[in-house]
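In the two complexes that follow, subunit A is the common piece, with subunit B as its partner first and subunit C second.
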Partner chain A sequence: MAYSDKVVDHYNNPRNVGSFGKETPGVGTGLVGAPECGDVMKLQIRVNLDTGVIEDAKFKTFGCGSAIASSSLATEWLKGKTVDEAAKIKNTDIVNELRLPPVKIHCSVLAEDAIRAALADYRDRYADKLDGAGAPVASA
Partner chain B sequence: MNHFEVFGLPRKLGIDTAELQRTFYELSRILHPDFHQGAPPAEQASALEASARLNAAYRTLRDPIARVEYLVRLEEGRATREGAAATREAPPELLAEMFEIQEALAEAKAGGLDADGRRRLAAERDRLLARHREEELRLAGPLSAAWDAGDAGERPRLLDACKRALATRAYLGTVVEDLTEALGESQEGHVTHRRH
Partner chain C sequence: MALKFPIFMDAQSTTPCDPRVVEAMLPYFTEKFGHPASRNHPFGWEAEGAVDAARQRIASLLGARDPKELVFTSGGTEAINLALKGAAEMYREKGNHIVTTMIEQRAGLDTCKRLERQGFEVTYVPVRPSGLVDVDDVGRAITDRTILVSVMFANNEIGTLQDVAAIGKLAKARGVIFHTDATQAVGKVPVDVEAMGIDLLSCTAHLMYGPKGVGALYVRRRGPRVRLQPMLDGGGHERGMRSGTLPVPLIVGFGRAAELCAEGMPEEGARLARLRDRLQDMILSRVDEAFLNGDPARRLPHNLNISFAYVEGESVLMGLNKETALASGSACTSATLEPSYVIAALGASTELAHSSIRFSLHRFNTEEEVEFVGKRTIEVIGRLRDMSPLYELAKEGVDLKSIRWKAE
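Right, the complex of A and B next:
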C-alpha cells in the first residue's frame, strides 16, 4: 500500500521526537497502545503554567509509518494551542491531513487517544493550580 | 448465524476439538459442491455459502485462542448494543513495560549489537516468549473454564479479564517478534504476529 507524501515526510523526518525530563514543570504524559498491532505511543505536552499555552510537545512511537506520522503531526499541531484548544483536535483532522486510508484510521485514533491522555495527565498533575477547564485560575 | 450456531454448539469455550473435527467432516461432505452439481443454481449457491461459513467457523473454533477472541467480539457486540461502557484493554504497567523494551531495543540497534548485547536481547526475548505462552495457557485453560462456569452477573468481569489477557498476549507477541527480527534469527518456531 502506498503512503501519502505527507506520511512519508513525517516518517522520514519525524518532528519533535524525544521526551521531557522528569523534573520539567508543566508536563503531561500520555502513553497509549493498540493491542491488535502492538503499537505503543508516548506523547507529552509542556504547558506554560502561567498562560495555559502548550509551548512544546514531544513523542516517541514504536509502530507503523502511519502511527509515527500521526503522532508527529499531533505534536506539531499541539504547539501554540491552549489546553482547551488542544482537546478539540480530532482523529479525522489527522486522517484528512495525512490522507490515511481506511485501514490506517486506527493510527489516527491512537494519536487522538494519546493527546487526550496527555491532557488528562496534565490536568491531574496540576489540578490544584487549575480551574475546571484546564486553564490557569489566575488568567481564567 | 454465528460460528457456534453453525456447529449447533452452545456459546461456550470448552469445546471437544476431536468431536468438532468429526462434525466438520460430516457437514463438509453434505455441503460439498460435488454433491450439488445437478441442483438448481440457487441451491448450489446456498450450499457454497454454507460451506464457506462452515470453514470459517471451524478455523476459528478449533483454535482455543481464536475462540476466545471470537467470543469477546460476539459479547462486545451485545454489550455495545446494551450501551455498556468500553473497558480498558491493556494494563497500563504492561504498556509502560512494552515501551521500555522497545526503547531499549531501538538503542541497542542504533549502537550496533555486540555478542553481549545479543545475549541480553535473546534472554529478554525468551523471557517474554515464556510469558506469551503463559498468557495463552491462561486463556485456553482457567479463563475459558471460568467463562463457561460463570453466570450472567459475572460476565462483564470475566470478559474484561479475557480482553486484558488477549491484549497482553498481542503486545508480547509483537515485542517478541521485534526482538527476534533484531537478532536476525529465523522466525520459525516463534510467534508470528504481523505488524500491519
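Right, the complex of A and C next:
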C-alpha cells in the first residue's frame, strides 16, 4: 500500500513526541488501544488552568505508520484549542486530512478515542476547579 | 562498491529472475513458440524437447526417479491445491482424514478448510516454540481413516526445516500418502523425494530465481503409485492430471533455474548463511528485547526472522522501505489484517507477532547490503522505541500485562 505524502511526513517528522513530567500541572493523559491489537496510543494534553486552553500536547504511539501519523496530527490540532473545542475533533477529520484508506480508518478512530480519553482524564483530575463543560471556574 | 537502492531482502516472497534464466527463456517467446502437444511438426517437437529437458533438470534437483513424475502447474498454490484436493477426492473411499500442521502457508490451510466444508476431517498439528513439528505428534494424529499427511518442508516466515525424512518414513509405515509443500526449500537446501519418502511435493519457480507463473507438483509413480483427481478438465495434458497448454518459456526458465540452483547450492547456501548470521549477530547484539523466531539451527540458510518488542512491524518497514524491502508478520501488512499465525503458533504473545520482521536474502545480496540493512534496522528500531508508549512503560518497570487495555 502506498502512503499519502502527509502520512509519510508525520511518520518521518512526528510532531510533539514525548511525555509530560508526572508533576506537570494541567495534564490529562489518554492511553488507548491494546498491544495484542497492534496499536497503543498515549496522548497527553497540558491545559492552562486559568484559561482552559490546551497549550501543549504530546504523544507516543505503538502502531503502524498511519497510527503514528494520526496521533501526531491530533497533537498538532489540539494545541491552542479549548477543551470544549478539542472535544469536537472527529476521526473523519483525521481521515480526510491524512487521506487514510479504508483499512486504516481504525487508526483515526483510535486517535479520536485517545483525545477523548485525555480530555476525560483532565476533567477527572481537575474536576473541582472546573465547571461542567471543562472550562475553569472563574474565581470570585 | 556503491550500494544500489532499494535493497531487496524479501526473497521468501519472490526472487529476481537470474539473467541466465531469462536468456534461456527468450527464444521460446518468439522463434521457438511451438505447442509441445503438436506431435506432427517441428515446432511442436522443438517445444516438447525443451519441456522434456526442463522436466529432467527439475526432476534431478528433486531426486525424482522419472521426469514423468512432474506435473507442471501455474505455481505453488495450484500445486498444493492439486495435491490436497486431488488426493482427497481420489482416496475418499479409503478415508476422510487429513493430517497437516498449524503453520502451513495459506494455500495449504485454506485448501484444508475447504475440504473440511466438504466433509473431510483435518487435524492441525501444533509446533514446538522453535517451529518444529514433533514427528510423534504427527504419528499420534494418524488414524485408520487418514489418507494424507501434508507437512511443509520449510516455513515461509521463520524458515524452520521440518524433519521431512522422519515424517516420510512414518507415513510410509502407516500406509498414508505424504505431501510436502517445498516451495521455500527447493533449490535452496537438498531435497530428495526418494531418500525422504515424499509422495507429493509442491514447488514453484519464482522462489528459486525462475519466472513467476509456473510451478510443479511431483507425483510419485512407483512405491506407491499416487493417483490424483484432476481439478481442470481439458486436453488431458500432464498425464491427465493438469490440462492446459504448457507455458513453454516459463518451463524452460524453471528448468534453467533448477540447473543453476543444483550447480551452486552448497556454496550459495554457505554464503547466504554467513551473511544471514552476520545480520543476526549485528542486530541481536545491539538491540535489547529482540527475539529470534524459529529454530536457530534447523533453518533455511537465507532466512532471519526477529520480533522487536514494543514496536509494530509495519512501522518498521515504513522506516526502511525507501532503502530496503523486508516483510513483517504484523496485521497491517497482511491481506487478512490478522497478525502472523505462524509466530502466534510458536506460543509467542500476539504483540510479538505484530512486531516480527523477516529478512530473507538471495543470490545477489552483498556483504555491503547486509551491513547497511543491519545498521538501518537498528536505527529505525531505536527511533520507534523512543516513540513507543510500551517501551516507555516497560522501562519504567511497569508490567504491560498488568494494564487493563481498552481495546477498540
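Just so it is clear, the second predicted complex is superposed on the first by the 134 of 140 C-alpha atoms of A that agree within 3 Å, B and C clash if a C-alpha of one lies under 4 Å from a C-alpha of the other, contacts with A are read in each partner's own complex, and residues count from 1 in each chain.
By our rule, a residue touches a chain if its C-beta (ideal position, glycine included) is under 8 Å from a C-beta of that chain, and two chains touch if they have at least 3 such contacts.
The structure displayed is predicted, hence computed values, not measured ones.
> Give one word, clash or fit, describing how subunit B and subunit C relate on subunit A after superposing.
Aligned on subunit A, subunit B and subunit C clash with each other.
> Regarding the shared-chain residue A:109, is it in contact with subunit B (first), subunit C (second), both, or neither?
second
> State whether subunit B or subunit C is in contact with more residues of subunit A in the superposed arrangement.
It is C that touches the greater number of subunit A residues.
> Regarding the shared-chain residue A:62, is it in contact with subunit B (first), subunit C (second), both, or neither?
both
> Is A:20 in contact with subunit B, with subunit C, with both, or with neither (first, second, both, neither)?
It touches nothing on subunit B or subunit C.
> For the superposed three-chain model, which listed region of subunit B (23-31, 41-49, 77-85 or 149-157) is the one that clashes with subunit C?
Of the candidate stretches of subunit B, subunit C runs into 23-31.
> Under the contact definition given at the top, report the residues of subunit A touching subunit B in one complex and subunit C in the other.
Residues common to the subunit A contacts of subunit C and of subunit B are 31-33, 35-40, 42, 60, 62-64, 103, listed in rising order.
> Which subunit B residues qualify as touching subunit A in the complex?
The touching residues are 89-90, 92, 95-96, 98-99, 102-103, 106, 166-168, 170-171, 173-175, 178, 193, 195-196.
> Mind pulling up the subunit A residues that touch subunit C in the complex?
3, 8, 11, 14, 17, 19, 31-42, 60-68, 103, 106, 109-110, 113, 117
> Using the touch rule from the top, collect the residues of subunit A that touch subunit B in their complex.
31-33, 35-40, 42, 60, 62-64, 103
> Along subunit C, where are the residues that touch subunit A in the complex?
Per the touch definition, subunit C meets subunit A at residues 310-312, 314-315, 318-319, 330-332, 337, 339, 349-351, 354, 386-392, 400, 403, 405-408.
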